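This report refers to the structure that appears directly beneath it.
Each chain gets a letter, A, B, C and D, in the order it is written, and its residues are counted from 1.
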Amino acid sequence: MQKLLNDPADVVVEALAGMAAAHPDDLLVDMEQRVVSRRGGPVRGKVGLVSGGGSGHEPLHAGYVGPGMLDAACCGEVFTSPVPDQFVTALRTADGGAGVLHVVKNYTGDVLNAEMAAELLATEDGPQVEIVVTDDDVAVQDSLYTAGRRGVGGTVLLEKVVGAAAEEGRDLSGCAELARDVNARTRSMGVALGPCTVPAAGVPTFELEEGQMELGVGIHGEPGRRRVPLGTAREIAAALVEPVVADLGLRRGDAVVTLLNGMGGTPLLELYLMFNEVRAVLDAAGVTVARSLVGNYITSLEMAGCSVTLLRADDEVVRLWDAPVATPGLRWGA
Amino acid sequence: MTTLTAFQAWLADCSAVIEQQAEHLTELDRAIGDGDHGTNMARGFRRCAELAEEEQFASIDAYLKKVGMTLVGTVGGASGPLYGTFFLRLAGPLSAAPDVDARPLAQALRAGVDGIVARGRAEVGDKTMYDAFAPALEAFESALAAGSGTAECLRAAAEAAARGRDGTEPLVARKGRASYLGERSAGHVDPGASSAVLILEAAARTLG
Amino acid sequence: MQKLLNDPADVVVEALAGMAAAHPDDLLVDMEQRVVSRRGGPVRGKVGLVSGGGSGHEPLHAGYVGPGMLDAACCGEVFTSPVPDQFVTALRTADGGAGVLHVVKNYTGDVLNAEMAAELLATEDGPQVEIVVTDDDVAVQDSLYTAGRRGVGGTVLLEKVVGAAAEEGRDLSGCAELARDVNARTRSMGVALGPCTVPAAGVPTFELEEGQMELGVGIHGEPGRRRVPLGTAREIAAALVEPVVADLGLRRGDAVVTLLNGMGGTPLLELYLMFNEVRAVLDAAGVTVARSLVGNYITSLEMAGCSVTLLRADDEVVRLWDAPVATPGLRWGA
Amino acid sequence: MTTLTAFQAWLADCSAVIEQQAEHLTELDRAIGDGDHGTNMARGFRRCAELAEEEQFASIDAYLKKVGMTLVGTVGGASGPLYGTFFLRLAGPLSAAPDVDARPLAQALRAGVDGIVARGRAEVGDKTMYDAFAPALEAFESALAAGSGTAECLRAAAEAAARGRDGTEPLVARKGRASYLGERSAGHVDPGASSAVLILEAAARTLG
């Protein structure tokens, strides 16, 4: 395994120690509970915004802690949901008295641990907590009889938009409503051109012959829905964007916030090239790109590949998008 | 009659066998999940096995509650809350008893398995650990009804669990991470069903 | 080759088209000359800051165009210096009447093409141009009889610091002097844990067995000075930091700006973990980290590995470092 | 006497052979450089080969100047300015002449090679293209002094260049990208020396 590591079992704590050292003025890291929060502590009277999940998706989530986005995040083992105690600590840390919105990506582990955390807090007279589950991955069918769709790139956009609303003073139910609305108008689709290696496992998550790709992957190094011949960037853009546009029901004249996300091991050069193709597909559909992000925002360790996320935009979404944000992973206007 | 010491031996056995099978469990999870099931389980059960040395437990149920909480607090992922809930609920019917025979054990097992369903909302055939636990519970109860003792009931449960686990292979997953793979999840044994068998086999070795 | 591409020959132009689309309000892209500049055009009376080089190092250099940093950048083919015409266009584009500082990484190709550009401009009564060559890589010995040391991570720090000075109104010779001073107080060292693939070549730049690493690599996917057994992060940090500290002659009580740079294919999780080790080595040497950057800032496509750059800091350097910058690749205070 | 048409044939030949050897050149550059020499050269010489079809040239020197400028403007990297300068300087001694024999060709070759040295400041033994050009120039001049005609002089030059190229293999590079490898650069033939041989061999085939 070709990785920068000491003991693979310590990768998360050691990375958190590095994160604390790299952002001493901005972040506070509870090494015991692996909770990252804003150095200033919770903002009194502001709804707290919390997320968390397995590690290996950096900068998500801890890298999105800061003014304009999250108040706290907790970090599980690589690709493993945090345990309830971690969520409890993050939720308590983020509470400024106005309640906490807990953004949970829709994975069985994340949802179950978040539910247990909510149960624990309810018995402990903790802060008021609203859970919002993100499930934007169109590769997976939405169904009541399954685990449902995965939460992927839409989570980043949601954390930015809802973070701005919380900063503006929106109350807990208003933030929760906005979050559910953003989730409802966001869809994603991803592709892998190569696997990644979980440090504790030491071997790649799958094998892929040259000239093949995994279409419809999530962010856990897992294989996708289908293994198909590697297409050109143009073909891949169509394969990613078209299902998203269809599922969102986008029409000529609609506008979107676009995230062209790298999975971690694909160079920015290729991501910009892909963005050019994505934009061309959207152009052809008459959909305007109101705002965009191109880069590694929700990764799967060093997986090669990318995902496309579209958020149907209106003036309000764009306004909240443009609001200042100052986190290690996303920063503007501050 | 099964004593606290036996339950502690069970967890020690679980830890040993899971440690030993961790790579295999991870391998199964790599095929249709995210390749962490072995690591998750080993981390959690290692902690559980240490409990007996660190602390004096007043009763079986106190011990099993602590095991459940430890699993909830260390495993993470989907299996953490599910196995954690299993052990927490297992404790309920055994409260206060200094030792137990097959009947309360059956009640405990039913409570534990119900807990898994309450948390995970899985049905038989969803390709999860429940596909091992459901037939195991049924086999335990049938054996009990037929007059068997604890040892025999547990052996029947472990064997049924193993058949249930094997039965997950052709299934298309509907719950957990493997469900994202759709049709591609067929042809692989479910990792959680496999770890469930390890735990029940350990029970048959230690609680009987 | 597992890449997001159409025709490999078009990778640079297509990526530039994507870059233009992703930053429509901030960047202007001359697709003919592959020159990226600030949308507002040159700032009248401000010294222009220009850099350029082969592509494949993104976000360097085009991603550092914007207020507080570069005025223009030109993009060669992957790992190939731009041609003189491109430098000429970039230098002309950046000229606001106060002359242009041209930052050139020390590679034969870059230096020769930049020199030819300067000769062309001299005959055309173009802007006044000062060339500053960066050569911060301690893996390579500094010698008059060779091509000398490579310019690597120090280039990023220099572009930030000198960009801030230019923004403050420092004149051309002042900017050039500062740039040479920053270069003189900056050193880097890199390691590769895996190769990368140049799109036009289609095969990895080298082969590396599991358990080996290339110590002393540059940013062109080339092998390093020595192939050695893969160390732990702790050992690698020592192997990278110690020669840099020694070459800079850092002493107890000195302060540095630290760049822990990812080569493109190493996840942020590992980079933070590495930063923790780098900081520990510096701690042990009594050297303070005044400011730091952790992430992919000067890459070698999807190479796995990292480099460490230290810039000896004083109040002036820190002040210029903290000044606002608003580019796709580096942004704060704006 | 060598005419403009012959010079144009030279560039066509260069383009064809470099295209054909591009992978080999890149392979050599991958070993001790950055793996782009073949791509760089093919891109530039392809453009040069097109010039004759696109434009009427009044003289050999006008043509060679355009070739030099085209290489400067399309090759990039270290080899672009070096080969560009070579062709730009080659033009000097040939100015105005409608056709040339071996003597002005020798002067042109010296001017071109001097240009490479003026730009790149390489010395013999630095493991660069100059290690092919330096002996080639010497061989050309010796053959000329011995009374040989253009064809023979060029053949001697190409053969000497090939020996020079082979001689780069054991060298430790002191110039260009390969110098970063230090001792590890030994044991590999220099890519620029190899492309220089291709160009001189094409000259021997077309200008003689």
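Just so we're on the same page, a residue touches a chain if its C-beta (ideal position, glycine included) is under 8 Å from a C-beta of that chain, and two chains touch if they have at least 3 such contacts.
The structure presented is a predicted model; accordingly, all values stated were derived computationally and were not measured.
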Distance between chain centroids, defined by C-alpha means - chain B, chain C (Å): 54
Distance between chain centroids, defined by C-alpha means - chain B, chain D (Å): 74
Averaged-CA centre spacing for the pair chain D and chain C, given as whole angstrom: 32
Where chain A touches two or more other chains at once, by residue number: 78
Residues within chain D bordering two or more other chains: none
Category of the chain touch graph - line, ring, star, complete, other: line
Set of all touching chain pairs, with the criterion as stated earlier: A-B, A-C, C-D
Complex contact set, residues of chain B against chain A: 26, 30, 33-36, 39-40, 43, 72-82, 84, 119-120, 174-177, 179-182, 184
Residue ranges of chain A touching chain C (in the complex, touch as defined): 1-6, 11-12, 14-19, 21-22, 55-56, 58-59, 63, 78, 193-194, 196, 208, 210, 213, 230, 232-234, 236, 260, 264-277, 279, 289, 292-294, 296, 299, 301-302, 304-306, 326, 331-334
Residue ranges of chain C in contact with chain D within the complex: 54, 76-85, 107-109, 112-113, 115-116, 139-141, 145-147, 150, 198, 200-201, 203, 205-206, 218, 220-223, 225-226
